[in-house]
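Look at the two complexes coming up: subunit A is in both, with subunit B in one and subunit C in the other.
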Partner chain A sequence: MKKNAVPLVLFAALAAFPLVVTSNYFLHLMILFLLWVVIGSSWNVLAGYTGQVSFGHAAFFGVGAYTAGLLSQHLQISPWWGMALGGFVAVLIGLPFGAICFPLRGAYFALATLALGEGMRHIATISESFTGGMMGIMIMPSFVSKIPYYYISLALALLSVLSIRFVIGSKPGYYFVSIREDQDAAESLGIDTTLYKNASLAISSFWTGMAGAFYMNYMGFIDPHVVFSLHEYSVMAILVAIVGGVGTIYGPAVGAFIMVAVQEFFRSGFFGLFDYLGRTTGMPAFASVSEIVRQAHVLGFGVLVVVVILFLPNGIVGDWGKIRRNVFRIQPTR
Partner chain B sequence: MSFFRVEKLVKRFGGLTAVNDVSFDVKQGEIFGLIGPNGSGKTTTFNMISGTYPPTSGKVFFKGKEIQGRKPNRICRLGIGRTFQVVKPLGRMTVLDNVIAAAFSRESRMPGARKRAEETIAFCGLDPVAGMLAKSLPIAGRKRLEIARAMATRPELLLLDETAAGLNPTESLEAVELIRKIRENGTTIVIIEHIMRVIMTISDRIHAINFGQTIAEGTPSEVAANPQVIEAYLGTDYA
Partner chain C sequence: MDVFLQTVVAGFLKGGLYALIGIGMTLIMGVMGIINLAHGQLMMLAMYVTFLLNTMGVDPYISLFVAMPVLFLVGVAIQKFLLNPLIKVETILPENQVLMTVGIGMVITEIARFLFKSDYKYVKTDYANATFFLGKISFSVALTIAFAIALAFTAAMFWFLLKTDLGRSIRATAQDKDAATLMGVHTGRITVITFGLGAALVAAAGSLLAPVYYIFPDLGGPFTAKAFIITILGGLGSTVGAILGGVTLGMAESLGATYLGMEYEDIVGLAIFIAVLLFLPGGFKRLTKV
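Right after this comes the complex of A and B.
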């Protein structure tokens, strides 16, 4: 039980969060964080555990979002039904892709996923009569308050992490990691590698699609460049997992928290620090610094990822023992 | 019906014929040695049996069933285990987890698979290192892990590819002991080996190939006395 103490306390804190903090701004940030827990954990199943690196998770995210949006727009079905379906539709896109591309190994598979993500973006852009093309899709949000969205995203994050933890701890999880470590050895141990790669892809695309459908409900507006974005979703999913710890259960959750915080830190110009300095000192230089910092958030990610890869190649969770020893000077307990 | 038989196996890679018309018959319960100089086609034969690639022509029979051309994971589930000459440990998994992953081929639930894996690890003498990451094992341990993993899939026929290569004399004696123990447990073994002292003492019968073709078959002493075998290993001066 001690093993679960930290996650349980964190979960209790997350459940109580909206009761303590009522600011919409912080609720919004927390919803983004929870959304990234789902996407990062999903990416981690396929790439971190099964070793099939994806540069195209935006495809599943976007498909999930469009499923909810299109159902609402064309059939006037509540986008919450779309959320129930978003994951399955993402799997429907994922499995044929897997059937075609899993014979590819390593970097070649990764390139194929990149093509999938970009391909889906173009399809959504071109099919104007169906998707609205660049006009995107707008729906009326169901709730004015952010609190329902917060709890829905919390449930989504919790269910995805728990289900993934269950899978990883049982036979499929062992098979995923075996495939990652050596595909030929895995085959010789009776593992149908094609089947289990597809199973991994199905889990991964399902939760990413769910996250996308939630995004449609929450934001109320999507267009191809937002939800199929290479750098906003495909690459960000990778960064979230790398920073937190690839191939660890809670790594993507830690990574999600850090990445959302860093993104907001830059987007808001160091939480408004430069704007504040500009106002109080009256110097216009601060305003321009603020502007530069806002535009430099991608650079900030880049630096963060380089630092993490150099010093914590297994991510914060993966190298937690190393952090304890070197930063907190705590010797491992025996 | 023979227990295991390969019939006129041929494998061509483009213009190169790696294995040409090799046939042999393995009886249940025996240790069957496969020898030959480097590049003579021993590992290619194993790869065809275990399904890594299909034979160009020829057949493989296991317990009366034709099995050539099936995928490696199917072959494993039929009851043929193998080890690799170039060991393939699942590096970032512990030794125990390596063997659990293999045991899942017969037990789909965790407690059963773990129990089976622990038994296999004890049987193979790996319990002192069960908690270590496979990549941190020295070569003797990795070779032993290959065997433990294959054994955890409960093979009736075990293909061992150069299990003693790279081991020091003590370690290779221990390997021989383990192989004997596996046979006593009822598993039939086909073994490829270069170290003559190992293969000659351990095998009931030996099949020698050179340039992909059979040159001799018989008991270890018969094969060792065969002029073609001596020629293949030592040159015409000694034949």
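Right after this comes the complex of A and C.
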């Protein structure tokens, strides 16, 4: 029970969050955070645990989002049905891809996933009659308040993290790790590596697709360049997991929090600090500093990634011991 | 028939530039075993160097000789201070260096956005739209010059790799790093030089492309994608393959654009990519054996 104390307390805090904070702004940030928990964790299953680095998770995200959007546009049913179907459609894209590309290893596989993500974007752009092309899809949001969305995303994050934890803790999870550590050794021990890689891909694409379907419902607008974006989703998913800790259960959640916080920190000009300084001191220089900081949020990510890979190669959760020793000067208790 | 020939010629000329991009990528791939996902971004940087010099009235073909050393140094710095330290670090994912290049690419893009803003920039030359005719086929002057220079660089690269000591050390490192170290090759230094060379080659491609293309910070991503398609087509680490891959991609793109429609230009490249992965894993390297 002691092992679960921190996650349980955090979950209770998250569940109570909308009761305490009613600001739509912070609720929006928390929803984004929870969405990234789902995407980061699912990337982590495939890459962190199974060792198959994907540069194309935007494909699954976008397919999930388009499933929800197209259902409501073509069949006039609620886009929430997309939440039921989005994950499965993403798996339907993922499994044939896995069947074709899993014989590839390492860098080749990573490149193939990159091609998948880019290819899906082009397909969604070109097939205008079906997807609306560059015009994208717009739907009416179901709720005015952000609180229902918050709880739905919380449920999504909780279910995805718990299911992933369950799988990783059971036999297939150990198979995944053995494939990551040494595929040939795993094969020689009688593990059907192709089957388990596909299983890992299925879990990963399912939850990413669900996140995409939720995104459609929450944002109300998608177009190919938003949801299939290489940098916004495929790469961000990687960054979230890397910053938090690849191959750890709660790493992506930590990473998601940090990434959303960093993004907002920059985008809001250090939460309006520079605007405030500019107003109180009356110096126009602060306004331009604030403007520069606002534009620098992607630069902030890039630098963060470079620094994390250099100094904390296993992420914040993975290298927690190292941080404790070197930053807080706490010797490990034996 | 004329349309077909015209398309093939245009694709072929473009292919020369692609080959130059691909050779840089494949050199890095061969020696370090990593994909440089900041390759297009390095090219974008070179294009901005060309643009800056152009505003001072320097011709792009002269600024080529500024952009290449500049990018060589950038490449050396990246390899020395950001990628080489990662080799010693124990991590779960072996692809850490690749992920690092993604971060580097982001940083380069954003710095460019910072300095030059997001709007499209043009390098102004009086020959950008000039053409000449052979029979009924028109040749873009700028692209033809680019093709010739690309050819010259490729030839120089071959001579360098085959005939010089340094070139031999690079090839030795690519074939077997441990054996090369035992033979007295300073492999750490070789990786640094190779990354610099790769960056310089893609810088040449950037400078040559500048007169016929527009320049903006997000240009890096699509060209990184093209670079890896070329390398996969050619076979990872194969220089001859990169040339064949570059020309194939150039041709395929222009044939796709002519006969399927402009919007299919990029998807043709991806389709070829998947087809090669499926039917010719290992790329053209399998056929040419070099």
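Assume the second predicted complex is superposed on the first by the 328 of 334 C-alpha atoms of A that agree within 3 Å, B and C clash if a C-alpha of one lies under 4 Å from a C-alpha of the other, contacts with A are read in each partner's own complex, and residues count from 1 in each chain.
To be clear about the criterion, contacts are C-beta pairs under 8 Å (C-beta built on N, C-alpha and C of every residue); 3 or more make two chains touch, one makes a residue touch a chain.
Values in this document were obtained by computation on a predicted structure and should not be read as measured data.
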| item | value |
| --- | --- |
| Touching partner for A:R279 - first (subunit B), second (subunit C), both, neither | neither |
| Partner chain(s) touched by A:S188 [first = subunit B, second = subunit C, both, neither] | first |
| Subunit B versus subunit C as contact partner of A:V306, first or second or both or neither | second |
| Winner by number of subunit A residues touched, once subunit B and subunit C are compared | C |
| Partner chain(s) touched by A:H122 [first = subunit B, second = subunit C, both, neither] | second |
| First (subunit B), second (subunit C), both or neither touched by A:R325 | neither |
| Partner chain(s) touched by A:A110 [first = subunit B, second = subunit C, both, neither] | second |
| Which superposed partner A:Y175 touches (first subunit B, second subunit C, both, neither) | first |
| Subunit B versus subunit C as contact partner of A:H74, first or second or both or neither | neither |
| Contact residues of subunit A, present in both the subunit B and the subunit C interface | 247 |
| Subunit A contact footprint on subunit C (complex, rising order) | 29, 33-35, 37, 82, 85-86, 89-96, 98-100, 102-107, 109-111, 113-114, 221, 225, 228-229, 232, 236, 263-264, 266-267, 270-271, 273-274, 277-278, 281 |
| Sites on subunit A touched by subunit B in the complex | 169-171, 174-175, 177-178, 181-182, 184-193, 247 |
| Complex contacts: residues of subunit B adjacent to subunit A | 50-52, 71-73, 76-77, 81-82, 84, 88-93, 97, 100-102, 104-105, 108-110, 113, 149-150, 152-153 |
| Residue numbers on subunit A that touch subunit C, as the complex places them | 47-48, 51, 53, 55, 100-101, 103-104, 106-108, 110-112, 114-115, 118-119, 122-123, 125-126, 180, 230-231, 235, 238-239, 242, 246-247, 292, 295-296, 298-299, 301-303, 305-306, 309-310, 313-314, 318 |
